[in-house]
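Below are two complexes that have chain A in common, paired first with chain B and then with chain C.
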Partner chain A sequence: MSKALPNYGSSRPVSRPLEGALDRLFDSRNVWSVTVAATALYLLFFVGYPILYNVIMSFQEVSVSNVGRLDRPWVGFANYQRLIGDPLFPLVVKNTIVFVSLSVILQCACGLALALFFQQRFPGSGALRGVILAGWILPPLVVGAIWKWLLASDNGVFNYALQSIGLISGPVYWLSDPSSSLLAVTLANVWFGVPFNMILLAAGLSGIPREIYEAAMIDGAGPFRRFTAMTLPMLRPTLYALVALSTIYTMRSFDVIWTMTHGGPIDSSNVFPIWSYKLSFDIFDFAGGAAASTMMLIVVFFVALIYVRSVRAEARA
Partner chain B sequence: MKSLLKTAVWAAASVFASTAASAGEKIQIWHIFGNATEPTLVNFTRWNETHPDNQIDQKFIPFAQLSQQLIKGIATGDVPDLVTIDNPVVASFASQGALEELTDLVKGSKIIEKSKYYTGSWNTTIWSERQYAVPGEANTLALYYNADMFRAKGLDPDKPPRTWAELKELSAKLTDPAKGVYGVGFSAIQSEEGTFQWLPFLQQSGGNLASLTSPDSVAAMTLWADFVKSGQASKDVLVKRQFEMMSAFLGGSSAMVVGGPWELQRMDKDAKFEWRVATLPVREGKNIEASALGGYVWGIPKGAKQRALAFKLVEFMSEPEQMKRAWSGGRLPPVPSISVENPANPKAYEVFKTQMIVAKARGPHPAWPLISSAIQTAIQSSLTGQSTPAAALERAQAVIKPLLDKNPIEGL
Partner chain C sequence: MSTMDAEPYGPRHYALAAAGLLIAGLYLFPVYWMYASSLKASFELNATKPTLLPQAPTFAAYAWIFVRENVGRYMTNSVIIASAVTALTLLLATGAAYSLSRFRTLWMDAVLVGIMVSQVLPPALLATPMFVIFKQLSLVNTQIAVILATATKTLPFAVIMLRTTFAQIPTELEEAARVDGCNRVSAFLRVSLPLARAGYVVVGTLVFLQAYGEFVYPVSLVNRNELQPATVGLYGFVGADYSDWGNAMAFASVIVTPVVLIFVALQRRIISGLTAGALK
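Let's look at the complex of A and B:
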């Protein structure tokens, strides 16, 4: 019996000198400076450099012939002025705000609903949860293609289903009607982001002790009151972090929209990442593309700042 | 700093390379041919068999990413010796100094001669009277139609629409909402593909890019807008690429569709009905035959190491023996005198060959992508009904006119 089981504890210092050495190494002070330096170098090179390069580019005049050099003519804020003066600018700003806020709100709401739902144990809950997570594993290009088929006006599943149950009489032009295309891509993006929200919220929920619910039930609190007075407040740090993370993810989402509409029709689903890409690679306006992504970067930076602060507040609490 | 260092190393390497003998050197190519049976790839193999000293080192890049990859290559100083370029962007690349000038090489060539080529194809390789590329393959658009659907509606499949009026009439008759069938289809997507498909109609109308607000130009836009408004074309034309429109045709939800020869292999394989191809209709009273001109050209990126070798390969690819293989990949040789013996789909071959004669190049213009983008916006605002065709074209005109004033495009 004792032979079959690995014997932890007593034999450790004798039979594993390597582990002991590692322990000593990691306990020593020097190792931290080395690892921190390595991380800092990595960030500087792979994150800092591209960002700086992009920001510099947004202040220069860039063409195909000088895109490979750094010593390009300096034009100050001209690229930004050009973008802000572009008739597309207000539309893209509006689209981005609608797309991001709707995506974040719906993803959090649906994620929370699902997380609460799967907290109830019922037969098959594990399997069902796995199926929902499967959506998150798919590459965004695939998600975009699938949703394009689902929402096709002539032979799409959505229209067929809605027509079969008599909700609509003719096909709805989800993607080809400028008034609905943004909603359609938002819908696909929400579907894509819900599983991630669900996981994080489920983790947050599991951190709330069961006993206080039992106590509240004895005190006569109903399910609605338990949700508003206990679950939501205790979930607040998780929700803050989640809103920040979702906002950052959604701000940079590109593939799903690109596959579904290319930002059309008439730019009705054009958001900042799409615009930036089109400027750079459709009309070779690299400086414009860089300026667009820098503007986005500033917004993301502030959201990230809020996120970092909320995490810090949570750690302190 | 890093790129500077890289440039220096690379410059040193290229000086060394140009002094060294070319034996044993490989030719690096970036191309758009993903299918192993593509004629160009077959030709690469033939080159490799006959030139053991200078093998081809090839890399496939999907069509939609090629410009982007080339720009990245230029940015990092890592360019191939030869690259296939979509013909409307040659002028953009050339005007920004991203391509090697080939004027003298072409003048000295016995194989590549201007007089042999389709004027449209040749024009795409010229910028500012200098040569920057050599036409590789050409393609154009025609009208595919479902002969079975023609018969089912009591129409004669031997009489495809020859005029806009006939196109409208047939499209109205073939439209069958109960069966989910649209009369006609084209791609009006907000990308170069939408521009590519609309320009033939602009030329047929008698209008042109320089006068987009003329009644003729407006008529071309109205034609498309009316098809969508009347429900004879699906609203999904606004978001479907040409490939997807052809899928709709294959799936029986469109009775006619504007498409290119690159679809023929798919038609042979997947069509469950009798289909045919006809030249695009003309506008009554104008009778201008017109179509679009697509295709790739061979270009040597600025800073390529094996320039001489790359040009030798371009010459090899331009020999009739190699060029005539194009049709088996659904494209045409850019040289009309080269005839394909026993072509697959002989009738379609004749139609596309006829269509090629009137096919017009997009550009050349250094700001073509901007011009194209203004056209796309005009198409989309007209077809969604957000603007009248006249108002939409007026806005496009405002963008395009200053660009054309600077660099006019002959015949467009």
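Let's look at the complex of A and C:
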């Protein structure tokens, strides 16, 4: 037989040393550590460093002229004291609590109601539930613009609908009346967040074995009892993760409010991210903006820890 | 009741389907209203009694925003920025997501928690220091600054989602490839990466849509109109006291239509990918 034997891969390292070295390199874990390090470094530089910078800035005196340099006069907690003493502070805290808690509760409740409804067997149930997700995928700024038009006091369709069914007698100035603006932006934000809650709760619901419902029905448990004694407890891990996640998303929501009301009128819909941004970019009080965002960062960080813990707990289960 | 799965649909099911259709219709009414308003002439928009269907549909608002508001340029910028963010994000996320799904060590865990936490930071919070950093890098007023900043938002999301995708691919397949003479990298490239295709479609789409809808970073890092994406263009249009809602909704429709088309094409994959990625 003059023909050479087929050349199997195992002979390569011997005949070509460079390729062998590359092969060993690509076979070690180090190459993967490098990819993790690259991502971690990117985030450290573009997220970690800005946060640190923000915290440092919140303890300094910052003006338009020295905003680009770190060697600024230190003022301790003066920026924080100034913010907490600001008459706006209690209002922004109150607005943030109302906006976040109402949004999270309503999104979760509506999401659960929709998930339960579309879990029933009927033609098109899955497709219709999927179609609703379209709302969540829109750019938040567009959502703000659409709702601003829906809620317009002149010719807005919302006012027209409420008037024609007799709920209100004249147009309501949803966005320009301080007593309703926070409610209006919350409504838009709830609309925006419901599909995400619905989809994740639907996934949680589908994970509950049907057999236990059958057993409960044989034992004579009615729909309400099955819901409170079985569905809710078995959904608990999903609910925890979801509440943490929507709290985080709601706390960072900015675009919808910014488009609809700019935090106004007279700060009636001003929440922490808006306040922080306005301090820095509207009146160039960079230190105040940094202090406001650092305060918020502490809260978000704790919610994030709860989220990470709940996700990890579920992953283990 | 439990044996109903095999039964054909009865009247009760069609009643439920009608209710479901009504719920979905009510929910999506704002999106419909945006399109309907974009086709109405101003006399119809300003009528005291709004019409559900445009009585005299006109594309005048579209003509106006394309000619006068340069919506085409804004859209081009949005697509450029979003594509670059998606490419950068997937490039950086791939190795990290794969490693985090395969190697469990203490510091990998620490990185994962760090990435999860960095996902939650409000862009409005980071805008000022970002501005300073990019000023020092001489990148203020470039789209590169917007791309690098937006990727901080999409990268943690992509790592977490792709990690789930890779975790679902059995390690045995890679081990078999390595027995056949592949090293870790080529086993990954030839076996795992092709199997993760579906996950990449979902994650890539969601990253693209997030970047496409981003507003805070471009508005804070760039002040030249000709570089801005469509979100900033729309904001300049409706941010202040605005009353020309026909043009505004035409602008919004132009922004939203590609999103809707992408969503319709990939709806099933997005839903299954999203539920798997966000909770695991």
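The rule we apply is simple: the second predicted complex is superposed on the first by the 267 of 317 C-alpha atoms of A that agree within 3 Å, B and C clash if a C-alpha of one lies under 4 Å from a C-alpha of the other, contacts with A are read in each partner's own complex, and residues count from 1 in each chain.
Note that in this section a contact is a pair of C-beta atoms (placed from the backbone, for glycine too) under 8 Å apart; a residue touches a chain by one contact, two chains touch by 3 or more.
The model shown is predicted, which means the values in this text are computed figures rather than measured ones.
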item: Touching partner for A:216 - first (chain B), second (chain C), both, neither; value: neither
item: First (chain B), second (chain C), both or neither touched by A:155; value: both
item: Contacts of A:177 with chain B and chain C, given as first, second, both or neither; value: first
item: Partner chain(s) touched by A:263 [first = chain B, second = chain C, both, neither]; value: first
item: If touched residues of chain A are counted for chain B and for chain C, the larger one; value: C
item: Touched partner set for A:299, first chain B, second chain C, both or neither; value: neither
item: Partner chain in contact with A:283 - chain B first, chain C second, else both or neither; value: first
item: Chain B versus chain C as contact partner of A:67, first or second or both or neither; value: both
item: First, second, both or neither for A:38, with chain B first and chain C second; value: second
item: Set of chain A residues, in rising order, touched by both chain B and chain C; value: 67-68, 148, 152, 154-155, 262, 281, 286
item: Chain A contact footprint on chain B (complex, rising order); value: 3-4, 7, 67-68, 71, 74-77, 92-93, 96-98, 180, 182, 189-191, 234-239, 248, 251, 253, 302, 367, 369-370, 373, 377, 380-381, 383-384, 386
item: Sites on chain C touched by chain A in the complex; value: 1-2, 4-5, 9, 13-14, 16-17, 19-21, 23-24, 27-28, 30-31, 33-34, 37, 45-50, 92-96, 98-100, 102-103, 108, 111, 113-130, 132-133, 135-136, 148-149, 151-152, 155-156, 159, 178, 180-181, 183-186, 209, 212-216, 220, 231, 234-235, 238-239, 242-243, 245, 248-249, 252, 255-256, 259-260, 263, 267-268, 270-271, 274-275, 278-280
item: Partner chain C, residues of chain A touching it in the complex; value: 8-10, 12, 23-24, 26-29, 31-36, 38-40, 42-43, 46-51, 53-54, 57, 67-68, 114, 117-118, 120-125, 128, 130-135, 137-143, 145-150, 152, 154-155, 157, 160, 191, 194, 199-200, 202-204, 210, 213-214, 217, 238, 241, 245, 248, 251-252, 254-255, 258-259, 262, 273-274, 276-277, 280-281, 286, 289-290, 293, 296-297, 300-301, 303-305, 307-308, 311, 314-315
item: Interfacial residue positions of chain A with respect to chain B in the complex; value: 63-65, 67-70, 148, 152-155, 173, 175-178, 181, 260-267, 281-284, 286
